[in-house]
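Let me begin by presenting the structure, written as C-alpha cells, before commenting on it.
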C-alpha cells in the first residue's frame, strides 16, 4: 500500500476520533460508550446484523443524530467546531439520495460542487459519467432513471467533490458488478491519497481492501428481556 | 454560499414553473369564489374585498410553503444542505426564494382581483381615478414577507411530524392574525377615506421583527426535522 | 357501404399517424392561411368600417366582431379537447392526445380574448369592466378550467402519464361545463336583475360581418391548432427517423 | 374486500387522529379569520356567513384530500392495493373514509360556526328560536360528499404529477362552483325566509350524479398515477 | 428436487407466459418483442446491468406498467382477465415497501392477509417474525425500524399470504447474511410446492438454486447512437 501522496498534505492529518459515544433511539440505548478511531488512509467496514445501529452511528458521525454523551473529533477539534471545517470535509451518502427529480443529472451534480465552492467543469462531470456509463443520461431528469442509475449519480459526487471523509451507508446496494468494482477502486484510491472511508455493507466486496472492520451488535434483545422482566 | 443556495431554490422553482403559477391561480380562484358564495353585488363585494383578498393571499402563501420544504425533506436533500452549510443560511435562502416566487407575484397580480372585487369604485358606483389598488398592493408588499417568514417556522416544525400539509396551516394561522388584521385594516381605512399610516407602520414593524428573529428559529427547526 | 366504412376507418388510422399528419398538414397550411387571411381581412374591413355604428353604443359596438367569435371558439375549444380526450383514451391514439394538448393553450387564449374584449366593451357600455354576469362569470370559470388542465398536463415529466391524466380531467370538466353554466345563470338571476339588457335584435348589416368573422376565427383556430400540433409532433418524435429526414430536407 | 379497504382507511385515520382533527380546526380557523379581516359587525357577518362557511368547508375538504391519497402513493401501498383489488373499490373506500373522517365532522361542527357568525339572529338582532343552523347543516350534509368525490378525481390525477398539494385545488375549484353556489344559496334563502327546496334538490341531484360517475373516473386516475 | 406437493394441486398448473412483449419508457422502446415462460416450480433470476429494464419488466408483469404490444398470460388467460384470478395469485414486492409508518408491523401484515381474504392468526405472524428475528418489533411502528428491518417485514408477506407467483424486485438488498439464507430457503420451498418465483438481484446468492436465468440487455446505447446519427 505504498501511496503516492500527490494530494495536499493536509489530507494525511485527517483523522476522525470517537470517544465514549452513546446513542439512543426511541428512549433505548442503542450504542453505549463506543470508542473508535478512523485514521487517515483507512477504509473501515461497519458491519452487524439488521438493526445493529450502523445507520444510526453514521448519522451521529455526520451530526444529524444527537448523541447522549461522548464526543466526535475531526483533526482534533469537535466536529461542530468551526475550526474542524468538518462540513466541508465530510461527504455523507445515505439511503435517500438527495437528488432533485426536477433537475437533470448534470444540474444536480453541479449544485453540490457549487455548494463546496469548487468549480467543476462540464468535462469533469462527463468523465465520471462515462466511467459509470451514465453519460447518455446527463440531461435526463433524475426521476426517470432506474434504481441503480440513480445510485450511480449519487456516487459520482465522490469523485467530483473534494471531501476528505466519506461516510457511505450501503453504497454497494443496487449496483451491477461493474459499478461495484468501480466503487471499490475509488475507495481504495481515495484511501491511498489519505482520505478516510467508513462504509456499511451486508455483502462482501471482492477486491476491496479493508483496513478496519467494526462490528456492531444488537442491544435490542437484551433490552427486550430487561423490559419484560 | 447563500447565493448558491438561493440560486438552487430559484432554479427548482423555474423548473416547476407550473408549481410557481399555481399559488397565483389559487389566489385568484379563491377570491373569485366569494361572489358566488356571498353575493355578486358590487357594493357588497367592495366591502368584503379587503378581508377576502387578504385571507386568500394568506392561504396561498401558507399552502405554497410545502413546495419549498417538503420535497427537500423527503428526498434527503435537506440533510445534505444542513451538513454542508449553516441552518440559518438554508432557512434564509428558502424564505427569500419563497417570497420571490410566491409572495411577490401575489402582490403583482392583486390589481386584477381589485378589479373583480370592484375596489376602485366609490360607494355610489363611480369609477375612481385614483383607486385603492396602490395602497392594497403596498399592504400586501409589506405583509407577505412576514407571512413567508412565520410560515416557514411552522413548515419546518411540521416536517418531521407528519405528512400533513394542513398541520402547518393550523399551527400558523393564529400567528397570522395580527398581520391579517393590520393588512386588511389598511385597505378598509383607505376605502373609508381615513388614514392608514399607523397600520402600515405596524405591518413594517412586524416585518422587521420577523426578519430579525425567525431565520434562526427556522434553522433550528430544520435541524430538528432531519434528526 | 362496406367499402366506405373501410375507407373512413383508414382515414381515422392515417389521422392517427403523426408522420401522415405532419406531411399532409404542411400542404394544407398555405391554403388555410390564404383563405383565413382573406376572410379575416374582408371581415375586419366590413366590421370596422363598412358596418353601421350602433345608435346606443357608438363605435364600441365594433368590439363585438372580435368578442363574439372569440367567445364561440373558447367553448368549442374545450369541447374539442374533451372529444380528443375520449378518442385518445378509448382508441389509445397518441395523435389525439397531442391534439388535445395543442388545443389547450389556444382555447385558453381565446377565452382570455373574450374576457379582455368583453371588459373593454363593458367600460363604455356599463361603466364597469367587470360584472358578475352569468355569461362573463362562466367564461371566467372556463378560463380556470383551461388553466387547471394546462397546470396538470405540465406537471408531469412523463408525457404518457400526463396525456392520460389530463384526458380524464378534460372529460370530467366537459361534463361539468353545462352544469356550471346552468348554475351560474340560475345564481345570477336569483341575485340581481340587470338594468342593462344585453340582448337586442341584431341588425342584418351587423350580422353578415359577424358571421364572416366567426368563420374566420374558426379557421384561425384550426391553423393555430395545426401549427401547435406540428410543434408537438416535432417535440415528441424528435428521435424518429422520418422526422429527422423531414427536417433535414 | 371493500370492507377491508374501508377498515384500513379508518384505522389509518384513527392512528393519525390529530391529522383528522386538523381539517376541522382549519375549517373553524378560516371562518374565524373573517371577523378579523372584514368586520366584526353582527349583521354583516350574518350576511357573509353562508358564503364564508361554505368556502371554508370547501377548502378544508380539498386540502384534507392529501392525507388519504399521497401517503399511499408515495410508500407504494397504492400499487399494492390496485394489484390486489379493483381500482373502483379502492377509490370508493377512500372517498367514503374521507367523507366519514372529514366531511361528516365538518357538518357536525358547523353549528359552532353558525354561532360565531350570528346566523341565528334575525336582522334586528333577536335570537331566533328556530335558527338557520339545521338547514345549514343539511346543506353541508348534502354537499360535502360531492366535494369529496370530485376532489378525489383531482387528487388522484395529481398524484403522479408533482408534490404540489395546490395543484388539486387549482384543478378542482372550478368544478366546485355549482356545489358552492347551491350550497350557500340554501342558507342565504333561509336567511331571507324564502324557499330553498329547489336548491336542496339540485344539491341532491349533483350528489347522485357524482356518485354514479366519479368512482370509475377516480379508479382510472389512480391506475394512471401508479403506472 | 423431489417435491412433497402437499399444497393444492392448482399450484402446479400455474404458469406465466409472456409473448411478444414490447415495453417503452419515455417514448423509447426499452424491451422489444420479448418471449418468456415461467413454469410452475421454477425460480427465475432476471439480471442485467443497471437500467436494463428489469424493474420495468416486472412492473409490466404485475400490470402496473402499460405495454405497447404483446400479451401476458397466467394459466392460459390474459392477466387482466378475471378468470386468471391473477390479482389473488400474484405477490409483487417492489422497492417501495408499501407499509404504513403509522401502523405497527403486525397491523401492516394483517391488512395484507385480510385483503387476500385469508385469516391469519397472531401466532402465525409471530412465527415468521421470530424466524426473521423481528418478533420484538411487532408492536413498533414501521417508521421506527432500520432499513433492513423494514425490508424483513415486507418479506414476511411471502410466508403469510398464499400467493402462487412471486415477483420480487431486488429482495436481497439490505439484508444481513442470515436473512438472505432465510429468503433463499423460502424461495426454494415455494418453488418445490409448485410456485413461480421471478426475482432480480445484482449479487450472487449462495445456496439458492436457480432454474432459469434471463439476461436483459440495455437498448439505450444503441438508440443513443441512432439518435446521434
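When the chains are written out, they are named A, B, C, D and E in that same order, and each has its own residue count from 1.
Here is the rule we go by: contacts are C-beta pairs under 8 Å (C-beta built on N, C-alpha and C of every residue); 3 or more make two chains touch, one makes a residue touch a chain.
Just so we're clear, the structure is a prediction, and the values are computed from it rather than from any experiment.
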Farthest CA centroid from subunit D: chain A
Which two chains does the highest number of contacting C-beta pairs join?
B-D
Between subunit A and subunit B, the Cα-mean centres are separated in Å by 39
Taking each chain's centre as the mean position of its Cα atoms, how many Å separate subunit C from subunit D?
33
Taking the mean of the CA coordinates per chain, how far is subunit B from subunit E in Å?
47
Set of subunit B residues in contact with two or more other chains:
16, 18-19, 22, 25, 29, 36, 39, 71, 74
Can you pull out the residues of subunit A that are in contact with at least two other chains?
95, 101-102, 144
Subunit C residues touching 2+ other chains are 144, 147-148, 151, 155, 158, 160, 184, 187
Among all the chains shown, which pairs meet the touch rule set out at the top?
A-B, A-C, A-E, B-C, B-D, C-D, C-E, D-E
Subunit B to subunit A touching residues, read off their complex:
1, 4-5, 7-8, 11-12, 15-16, 71, 74-77, 79-85, 226-227
Could you please specify the touching residues of subunit C with respect to subunit B in the complex?
127-132, 137, 140, 144, 147-148, 150-151, 154-155, 184, 187-188, 191-192
Residue ranges of subunit A touching subunit C (in the complex, touch as defined)
101-102, 141, 143-144
Would you tell me which residues of subunit C are touching subunit A in their complex?
157-158
So in the complex, the part of subunit D that touches subunit B is made up of which residues?
16, 18-19, 22-23, 25-26, 29-30, 33-34, 36-39, 44, 47-48, 50-52, 54-55, 58-59, 63-64, 66-67, 70-71, 74, 162-167, 169-170, 173-174, 176-177, 180-181, 184, 188
